[in-house]
Amino acid sequence: MFDFLLDPAQLTDFLSTGLRLSIPLIFAAMGGLVCERSGVFNIALEGQILFGAFGAAVGAYFLGTPTGGLGFALLFGALSGLLLAVLGITLRVNQIVIGIAVILFSTGFTSFMSRVLFPGSGNSLKLQGFGPVAIPYLSDIPVLGPVLFSQDALVYVALLTVVAVYLVLFKTRIGLSIRAIGENPSAADSAGVPVFRLRYACVIAGSTLASLGGAYLVLTQVFLFSDNMSAGKGFIALAAIVLGRWQPQLAFLACLLFGFFDAFQLRLQFNHPEIPFQVFAALPYGVSILALVGLMGQAHPPAAVGRPYDREMR
Amino acid sequence: QAVKVAVALPGVITDKAFNQNVHDGLVKARETLGAEVAFTENVSQAEQVEVMSDYARRGYQIVVGAGGEYTDAAKRVATRFPKVRVVVLNGAPTQGVATVNFKNEEFGYVLGLVAGRVTKTGTAAAISAQQFAAFTTAVDGFKAGLKAAKPDGDVLVAYTNDWADVAKAKEATLNLISKGADVFMPYLDAGWVGVVQAAQERNAHTVGILHESDNNLTTARLDFARALVDAIGLFQKGQLEAKDYRIGLTSTDQLGPFNSAVPEAVRQEVQKAIEDIKSGKLNPAKG
Amino acid sequence: MSVVGQPSVKAQTPSGAEPRAGRVAQSLIKFAFMLKTVWAVLAALILGAFLVQLAGGRPVAAYSALFEGAFADYYGISSTLVRMSPLLLASLAVIIPLRAGLFNIGAEGQIYIGALLSTLVALYLPEVLPSWIHVIACIGAGALGGALWGLIPAALKAYRGTNEIITSLLLSYVAVYTVGAVLHAWLMEPGAPYPYSREIPDALVLPTFLSETEAHIGVLIAVAAALVIAVIFRQTTLGLSIQTVGHNPHAAVYAGLDVKRLTLSSFALGGAMAGLAGAFEVLGLKYRLFDHFSPGYGMQGIIVAFLAALSPLGSIVAAFFLAGLQVGAGAMQRTTGIDTTMVEALQGMIVLFVAIGLAFRYHPERWSRRVAAWQKPTQGE
Amino acid sequence: MQAVPSRISLEGIVKTFGGFRANDDVSIHVAEGSIHAILGENGAGKSTLMNIIYGLYQPDAGRILSRGREVKISNPRQAMALGIGMVHQHFKQVDTMTVTENVVLGLPGRPVLNLAQDRKRIIDLAQELGFDIDPDQPMWSLPIGMQQRVEILKLLYRQADLLILDEPTSVLTPSEIKPFFNLLSRLRSSGRTIVLITHKLDEVMEMADRVTVMRLGRVVANIEASETNSRELARLMVGRDVIFDVTRTPPRIGSPVLEVADLVATDERGLSALNGLSLTVKAGEIVGIAGVDGNGQRELAETIAGLRKASAGTVKICGQVADRLNPAERKRRLRMGFVPEDRQKVGLDLDSDIAFNMVLRSFRLPPFSRHGWVDFAKIKTHAKQLAERYDVRMRGVGQRARDLSGGNQQKIILAREMEDEPELLIVSQPTKGLDVGAIDFVQRTLLAQRDRGTGILYISTELEELLMVADRLAVIFNGRIVGELPVSEATPERLGLLMTGKAA
């Protein structure tokens, strides 16, 4: 069952697969985490991954470069974030509803527009994507080299994102304010934090990060857009945030946990054809639940998450 | 007067696979037979009866469910609308319903044979999203064909659980490659692209079901488009019956072009196998 | 030093002596607010008209097909009702625990386990019982399955403090795979072209109440369930207790309520509703257990619940609306040939706009000020 | 009219909430460098007015002038820019963050935090003010008096020169009030202006330069402190004469209704709070628990009420061991009433209406429900009666408890717990935040209960109040009763020694 761990080639592939399956989750989880830390529940991650993927395809198709794709992905992510912010922060519409509505809308809209914009080509688009960037010397280390140091650019971006989110949240003035508006917006407001502006910024930034997850799918993983290609990753990212107790570094580990168990279950499947494959497919979810239950102590979400702030409410 | 045909599809018509193939059939029927056609994509299980009944009520004479999961719904619609001819592709033989099936094991056998001759590692793999009859019978044939060419060869099977998840299909393939597989039979909707991509990146090969690509050794044309056109033609002649139609592998036309990696000798061997299957000398499910 | 006269509490509505025109304007505005859902749908449809145009359709024709297909003919209404049943039950599965402050986004999983248990009882309980008892047993098994699956996140929450939102979500995936695995290993009909179980005996099929349609009595049971839940919340101590826990768990302890037990029971009751939805899909609609049979009822239930502002009675209306929207959209697609994906986008937009509409509240004093401001210039003339 | 320039002026301020006028044409001028007291009954609109100055609420009409210049204050940041700072009635702090983080929050500065540097400055400032604060403690772990010091520190750290203090003394113990007033005097002499909201008339007389009295949203008086006296202020506020001395008959003491023996319990942090506490309360007497806040008062009350588990010892109520009974059972079977200290978090369901809150602890019993069915008509009449008797200021019993002023929230709890004919009544800080009229009323009601034969445990940090109503005093220190004495023998000096653990 674990024999592949001993063979360097197989191990490298397994680890790379685990990492690649984790990357979209990492982007989405970091995005969602930033939103939730600021007190806005972003359940629309799933839709934003899809928007990002679609944007990446549009950009790469019409501009012909992966950078163009990246630009459009960011733009689409930011727009979806703006929509969430206007509805959830200013108009104070229930954040769960708008999240789900955005998901519904994104599924239909991106599929429909992809037919309008890429007529006939559908999933056989062959888009320009980013190639791997090998970091000199480091990439020659056996197993770790190919897994960590000769990856696609967006993989490094994802790893840097985790570091950046951590540093911003915990080492900067604005991070302190973000954590405060997620915990007690009324106190932060009273202390002079621009609650509304900052929540807008977090939601837009977070949504943009999530859309990078989609850009990764298109620009480095499969080089095409296919309907509904987010395939549930946004929901897993939501779970990873909780599993990581709203800490970026732990959420990152949770994404890896999920990605690696997904890679692992793919391998187990063909080693054990006698067992229904669903048993393996359920593995990452089961492990996540166990991890969640097994962790000592309770994890508390930011206290104000999901509650729109209204100054004049008692 | 034009014949009216409607199809309920489980996926989208741009998948370059099963759903698109069926849709192609509709287009061809409109062009060549002057049929009036309609279709609905992404029909969920809960609405199968609703969609098919609605077409029947609207005066469509042929109502098609594209996939074995429509069998039950088809039976109910057929009972309710005895004048309508209900057809299920890949369906289980059912009273009152016309089912159209390919003999998947025959196609699988030939693909397995080619795979077995080209593989260097002796390991091939089949990938689908869900376990269902059409796939498992194809895999049976595939195994038998592979073993005929390489008695100590092996076939791995993986399920991605999502017909359209390209990334997952790609990762599954990459891992199968590192496990030693070098020929792949994807039985997926949009997800097959991922298999092809992975194979191309790692210099492995695919044997296609419907789709074609550079690294593809050959393709089983489980051509539902043609089957659908044929069925409509039969209907126009008043000959489409409520019975099980089985389409076997009878000629190399039903296979795609051979890749240059397939030696002439192997092409001959395939020809021979088709003859033997036709004559009953070869049982494709057992080898 | 100045001592002002003593105001009374009552005389504090702003200026009773508004001019007549102002009052008329104000009641018109109030009326307009009452119709906000209508405006929301209209706005979405107008925006959607551009999409329809883009998809090569004619908006008016498309929309009338949508409306007719959902509400204006016998079969359309019956389809809408059939679709409404799981949506309504799934929304109750969200509402009940949410009243106790617990968010169940795992109704999907509870639906699957309910369907599984119901199927097992239908196929394996010896056929010695009178069939109506057997049917009730099947329905009960569905409710039980959902309740048990719902109890897992509730128990983890009550005894370990684990976040129920995420456990219920993850358990949904586990449930879907469990059904797949059980089908695969055990229940699948031999030779079936798709992973599904044997057919349940005819005697166990739920009767329909509209002939020639799928409108099974599960629809009526779902509506009845919503009514019962509404009564529980409005009239019973159980409902008030659950609500108190939801509002303030500390106060609930102080009031002498058993918070853990109420956590468990509200989640179990919610799960039971979802389980019923699963049972009805098997007993009333498909007559078998299919792999992946639900098109996401769990998530849609959340939308219904929030559109209904967490009111069980409102849920009946919201579920009917969303079901009609889905059925009508299908009919529109079949009549006009508009792309399905566009129809999905339109659905998302309508839900979004309705949610936005619901967020607007009527503030009488604000509007009376505005109306007064508008009138000033006219009076000056 | 003003020789001294006005620091801040309000002119014709109106503020409505859903048709209800919380502020109705309010005009006030606060002179530069003065202490300006604002007085008013619970719900008079004082906090609303202050929130308007601080930019949290937008007035429907009226003008605000800062140093004579008209300003629009649309958020707290603008208020801060005008030198305005506010300590809210219910503190606005991020509980999970440390003192330092709370102080720094919202301040402009370099993007990268340097908390070590801020920490040092906070320590310096605290020293200057005579505050003893650990800047690394998380906010939630601080006693409430300490939290208030952090709030004041926050303002001064921001260099506010107009300090709005909304009922600052209601959270302070008597020993803390003196230094607090000294601080205020020092701040005034350093040129700062202070707006002080309080219900304590002697404090007003002691500190304020000028007084504004509000009633039902309006200003009823603007008056120099030197030109008035407590009695007049009370009359202006309440609209009637308030008699501060309660006449009391000697107690008719019966059998014990509460016997606490060797009680041991811990607090939220797991630290020991009760260390073998023993105490008896008999029918017909009021036993006052005196002590410095944080010596186990809250844990004692909660353990008796059944909200907290004792790790050792027993509680007997009316002769029965109560240890295994939950709060509802103690109320129902043992006839125990309980007024918790934290009214918003424990005592009320703020999101339900007043009527429901009046039966929060008895809605599952007849006559309010039968066989699980609730009788809302009964609940409503019951609530109306109680609200009338306890003078709850509201728009109707269907109003949400959250929207009531703090004093009125307190009255709901008192009404509910006292009107059930309890044999034992535990009251924890029952007058916190109440106006003089309400305090007077509560004390009378408690005495009436006593005379009817109820045994009352009265926990308060207000010595004067205890001396006024209690028959017997027990002093709590470090989770133990360190002395008991009849009220006639109690002097503030003697109590002071006991309360600080210096005499046994």
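The chains carry the letters A, B, C and D, assigned in the order they are written, with residues numbered from 1 in each.
Note that in this section a residue touches a chain if its C-beta (ideal position, glycine included) is under 8 Å from a C-beta of that chain, and two chains touch if they have at least 3 such contacts.
The shown structure was predicted, so the numbers you read here are calculated from the model rather than taken from an experiment.
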For subunit A and subunit C, chains touching each: B, D
Shortest walk length in steps over touching chains, subunit A through to subunit B: 1
Taking each chain's C-alpha mean as its centre, the one farthest from subunit B: D
Higher-contact pair (C-beta pairs counted), B-C versus C-D: C-D
Cα-centroid distance, subunit B relative to subunit C, in whole angstrom: 38
Chain centre separation (subunit C, subunit D; CA means) in Å: 43
Centroid spacing, where centroids are CA-atom means, of subunit B and subunit D in whole angstrom: 76
Subunit A-subunit D separation of Cα centroids, rounded to whole Å: 46
Residue list for subunit C, restricted to those that touch at least two other chains: 180, 184, 341, 344
Multi-partner residues of subunit A (each touching 2 or more other chains): 111, 115, 227, 277-278, 281
Touching chain combinations (by label order): A-B, A-C, A-D, B-C, C-D
Interfacial residue positions of subunit B with respect to subunit A in the complex: 12, 14-16, 20, 125, 131, 156-159, 161-162, 164-168, 170-172, 174-179, 190, 193-194, 197
Touching residues (chain side subunit D, partner subunit A) in the complex: 17, 54, 56-58, 75-77, 80, 86, 88, 92-97, 101-102, 104-107, 109-113, 154, 158, 402-403
Sites on subunit A touched by subunit D in the complex: 171-177, 179-180, 183-184, 186-194, 303, 311-312, 314
Subunit B residues within the subunit C interface of the complex: 6, 12, 38, 40-42, 44-47, 49-51, 53-55, 57-58, 67-69, 71-72, 80, 90-92, 130-134
Subunit D-facing residues of subunit C, complex: 1-4, 6-9, 12-14, 235-238, 240-241, 243-244, 247-248, 250-258, 363-365, 369
